Amino acid sequence: MTTLKRIVEYSETRWGRVFDLSIQLLIIASLVTFSIETLPDLDADTRTWLSAFETVTVVIFTVEYLLRLAVADHKLRFVFSVFGIIDLVSILPFYLSSGVDLRSVRAVRMLRLFRVLKLARYSRAIRRVHRALLIAREELILFVCVTLLLLYLAAVGIYYFENEAQPKQFASVFHSLWWAVATLTTVGYGDVYPVTVGGRIFTFFVLMIGLGVVSIPAGLIASAFAKAREIEG
Amino acid sequence: MTTLKRIVEYSETRWGRVFDLSIQLLIIASLVTFSIETLPDLDADTRTWLSAFETVTVVIFTVEYLLRLAVADHKLRFVFSVFGIIDLVSILPFYLSSGVDLRSVRAVRMLRLFRVLKLARYSRAIRRVHRALLIAREELILFVCVTLLLLYLAAVGIYYFENEAQPKQFASVFHSLWWAVATLTTVGYGDVYPVTVGGRIFTFFVLMIGLGVVSIPAGLIASAFAKAREIEG
Amino acid sequence: MTTLKRIVEYSETRWGRVFDLSIQLLIIASLVTFSIETLPDLDADTRTWLSAFETVTVVIFTVEYLLRLAVADHKLRFVFSVFGIIDLVSILPFYLSSGVDLRSVRAVRMLRLFRVLKLARYSRAIRRVHRALLIAREELILFVCVTLLLLYLAAVGIYYFENEAQPKQFASVFHSLWWAVATLTTVGYGDVYPVTVGGRIFTFFVLMIGLGVVSIPAGLIASAFAKAREIEG
Amino acid sequence: MTTLKRIVEYSETRWGRVFDLSIQLLIIASLVTFSIETLPDLDADTRTWLSAFETVTVVIFTVEYLLRLAVADHKLRFVFSVFGIIDLVSILPFYLSSGVDLRSVRAVRMLRLFRVLKLARYSRAIRRVHRALLIAREELILFVCVTLLLLYLAAVGIYYFENEAQPKQFASVFHSLWWAVATLTTVGYGDVYPVTVGGRIFTFFVLMIGLGVVSIPAGLIASAFAKAREIEG
C-alpha cells in the first residue's frame, strides 16, 4: 500500500513521475477530443471513435479517483478538498444520463492540470506571486473599483453623446457598457464606435484617463514583486 | 444626538456599518435602475415601478442628507464640502421640474460611492497612490504634453498622406486626430485606417515612437510606487 | 537693452512670464487655425478671417525672431541653434510664394512649444528621462532590432500562409508587413487578418512571442528610471 | 592566414569592420529583394535583374562561408555551430533545384544578422537580458501555462454563449480559440466578437481577469531586470 501511495501522491519516485505525466497527458488529450467534438461537420465514424475515447478516459479517471481515495489518510478530507471535488466533477457527468447537456462540464478537467503546481519549483513561484498580490492587495481592490466606476461613467457619457446618432448601437447604458469595455481594454473590435464630434472628444478624454488608470495596476504589481523578492532574500 | 452622529458619520460601530452599507447598496441599486430606464423598449408597468423606486430612493437620500447636516459640527462647511455638494446634486434634479432633461445628473450618485474610501485600510492605499503620483508628477506632466504633441503631429502627417486617397475619412486635421487617438491608444476600431503606402509607413514610425512614449509613464509610475513604499518603510 | 533681454530670454520676471505665455498661446492658436483651414467646407468669410489671422501671427513671430536675434549675445550661434532654426522655419514659408504647397511646414510651429521645457522644474524631469534612456540604451537598441526582425519574420510567415487564400490582402511581403505592424502593436484595425487555420495558429505564436518582446522594453525603462532616481538621491 | 582570420572573425580591425558591415548590408539588401520578388505585378525586366542580384548574393555568401570554414580552428565545430548551420541553410536552397519551392528558406538569412550581437557592447546587454529571464523563469513558465489555460477556458465559455447566435463565427471550440487569442491580446480585429448579452458579460469577466494575468509578466520582467542590474553592480 505504501508503494502505491508513493506512486499516486508523490512525483519524486520514477513510477510516480510516470503516473503523473500519463494522467496529465490524458487530461490534455481529453480536452483536445472534447474540442474536436464541437466541430460542426463530423462524420459518424469520428463521432464513434471520440465517444469510445471518452469512455476509456472516464474509466481511467474513475480508477485514478478511487486510487487517490484509497491511499488518502483522511478519506473525507480528500473528497471535500479542492482537487477531490474537481476530480469528481470531471467524471460525474458521464454517469448521469439526465436530460441536461452536461458535456460542457468536461472543461472542468482543465483544472486538474493544476496538480502540476505541486512540484517544488513551481510552489516557490506561486508563493512569490501570492506574496506580491498580498502586498498590493489594497491598491488592487481600489483600482478594480475605480475601473468599474470609470466603465460606468464612460458608458453613461457616451450614451448621451451617441444615443441620438446611433440609436441601435448605443440603445441603452447597457449597450454603451459593451462599448466601454471594448474601448478601455483597447480591444476595439470595431462593432461599436462613436461617430459624433462630442462622442469622439469624450472618448479621447476617457482613454487618456482610463489608460492611465489601467497602467497603474501593472506598476503596482511590478513594485510588489520587487518587494516580494527582497523579502525572500 | 451623539449616538445618531456615531451611526451617520462613523462606520466603526455595528449600526454605523449597517447604515453605511445600506446607503451604498441603495446607491448601486439606484444606478442600476437608472441604466434600466435608458432601455428603449420598456413597457408601462416597468416604467411605473422604476419611477416609484426612484421616488423612494430620493426620499431616503434626502433624509440622509438632512441627517448628515444635523449631526455636522460645522453646518456650512458640510454644505460646501465635496461630499456635501455631491449629495445635494444627487437629489436636487428630482425636485426641479424644469424643461431641461436632468436625468443624466443622476449618474453623479456614483461619486457618492467614494465615501467607502474613508475606511482606514483604503486611506492607506490612497495615500500611497497620492505619494507615487507626487513623486512622478513632473515627468507625468511632461509625458502628457509630449503625447498631446505627438497626437497632433501624427494627425497632421496622416492628413497629408491619406487626405487625397480617402477624402471622407481623413477630411481634415480634426478627422485625422480621431484616427491618431484610436491608433496610438492601440484601440484600433477599424473605422479609419491608412490605405496608401506612404500613410502606412508613416503609421509604422508613429507607432514605434508612440508606443515607446506610452510605455514610459507605466515605468514612471512603477518606479514611483517602489519609492513610495520605501518611504513608508 | 538688458531689460528687453530679460523679458525675451528669461521667464523669471513678471513681464518675461507674460511674454512667454503670450507667445505660447499664440502658437497654440496658430496650430488650431491651421487645423481649421484643412476643414473641407469652409465659406469664403472664414477663409478670409483665417488668412488675416495667419498674417498677424507671422508678423508677431517675425518681430519675436528679430527681438531674440537682437538680444542674443552670439548672433550666429542663435541662428544655427535648434530653436533658432525652428523659429525661422515657422515663418519662412509665408514669405516664399513658390508653387509648392508649404502650408504643412506650419506644423513645425508645434516644436516651438518645447521652449517651455526650459523651465527649471521640467529640466529636472528631462534630465531624469535622459539618464534613464542612457542606462537602458543598449538593451533598447537590442530590442528595437529584435522587434524589426520579428516584424519581418511575421510578415514572411503570414505571406506563405495567407497569400493563396487572400491574394489581395496578402499580395506580397510588403502587404504582410502592414498586417504585422497592426497586429504586433495590438492596434488590430481589422482591415487585414488571417483566415486560414495555419495563418491563425501562426498568428497565435507570433503574438505570444511578440507581446513578450514588446513588454520587455517597458520593464527595461521602469528599472532604468528606478536607477536614475537612485543616482539622483 | 592570420590576417585573413582577423578580418573574417574579428571586427576590431579596420578591414574586419568593413568586411562585417558589407556582409550585413548585403544580407539586408538580399531580404529586401526577396520581399520585392513576392510583389504580384512585376515585369520581366525586374525579375531578370532580381534573379541576377540573387545569384551574385549567393556567390558572395558561398565565398564567405568557405572563408569562415578555412580560417576556423575547428572545421567540424564551425559546420555544426548555430551560425555555421544558418550560413549553410542561407545558400543551400539556391544549389538544390528540387521541385519544392525553397525560396521561403531565404528568410533564414535574417538570422545571419544576429552576428552583430557578437559586438562587445551588445553582449553585455544580452547577458543582462539572459540573467533577468533566468531570475523570472519559473514565474514566466507559470504565467505562460495560466495564459494557455485561460485562453482555452475563454474559448469553451464563449462557445457555449455564442454558438447558437453565431453558428458560423463560433462554429467550434477551435473557432472560439481564435476569438480568445484576438481578444486577450487586445488586438481585436473585429472579425469575430460576441453579440449575445451573456457572451458580452462573459467577455467582460475574461478581460478583467485576462488583462490582469497579462500585465503580471511585464511586472515580473521589470523587477527581474532591476535585480539583474543590481547583481552586476
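Each chain carries a letter (A, B, C and D) given by its place in the written order, and its residues are counted from 1.
Here, contacts are C-beta pairs under 8 Å (C-beta built on N, C-alpha and C of every residue); 3 or more make two chains touch, one makes a residue touch a chain.
These numbers come from a predicted model, not from an experiment.
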Type of chain C:chain D copy interface by residue overlap (half), same or different: different
When the CA atoms of chain B are placed over those of chain C, what is the turn angle between 0 and 180 degrees, to the nearest 5? 90
Sort out for me whether A-D or B-D is joined by the greater number of C-beta contact pairs. A-D
Separation of chain A from chain D, taking each centre as the mean of its C-alpha atoms, in whole Å: 29
Provide the C-alpha centroid distance between chain B and chain D, rounded to the nearest whole angstrom. 41
Set of chain C residues in contact with two or more other chains: 174, 186-190, 218-219, 222-223, 226
Edges wherever two chains touch, nodes for the chains themselves; is that graph a line, a ring, a star, complete, or other here? complete
With touch defined as at the start, can you tell me which chain C residues reach chain B in the complex? 31, 34-36, 38-40, 104, 107, 110, 113, 116-117, 121-122, 124-126, 128-129, 132, 144, 174, 178, 181-182, 185-191, 214, 217-219, 221-226, 229
Chain A residues within the chain C interface of the complex: 186, 188-190, 219, 222
Contact footprint of chain B on chain A as seen in their complex: 138-139, 141-142, 145, 149, 152-153, 156, 159-160, 163, 167, 171-174, 183, 186-190, 193, 197, 200, 203-204, 207-208, 211-212, 215-216, 218-220, 222-223, 226-227
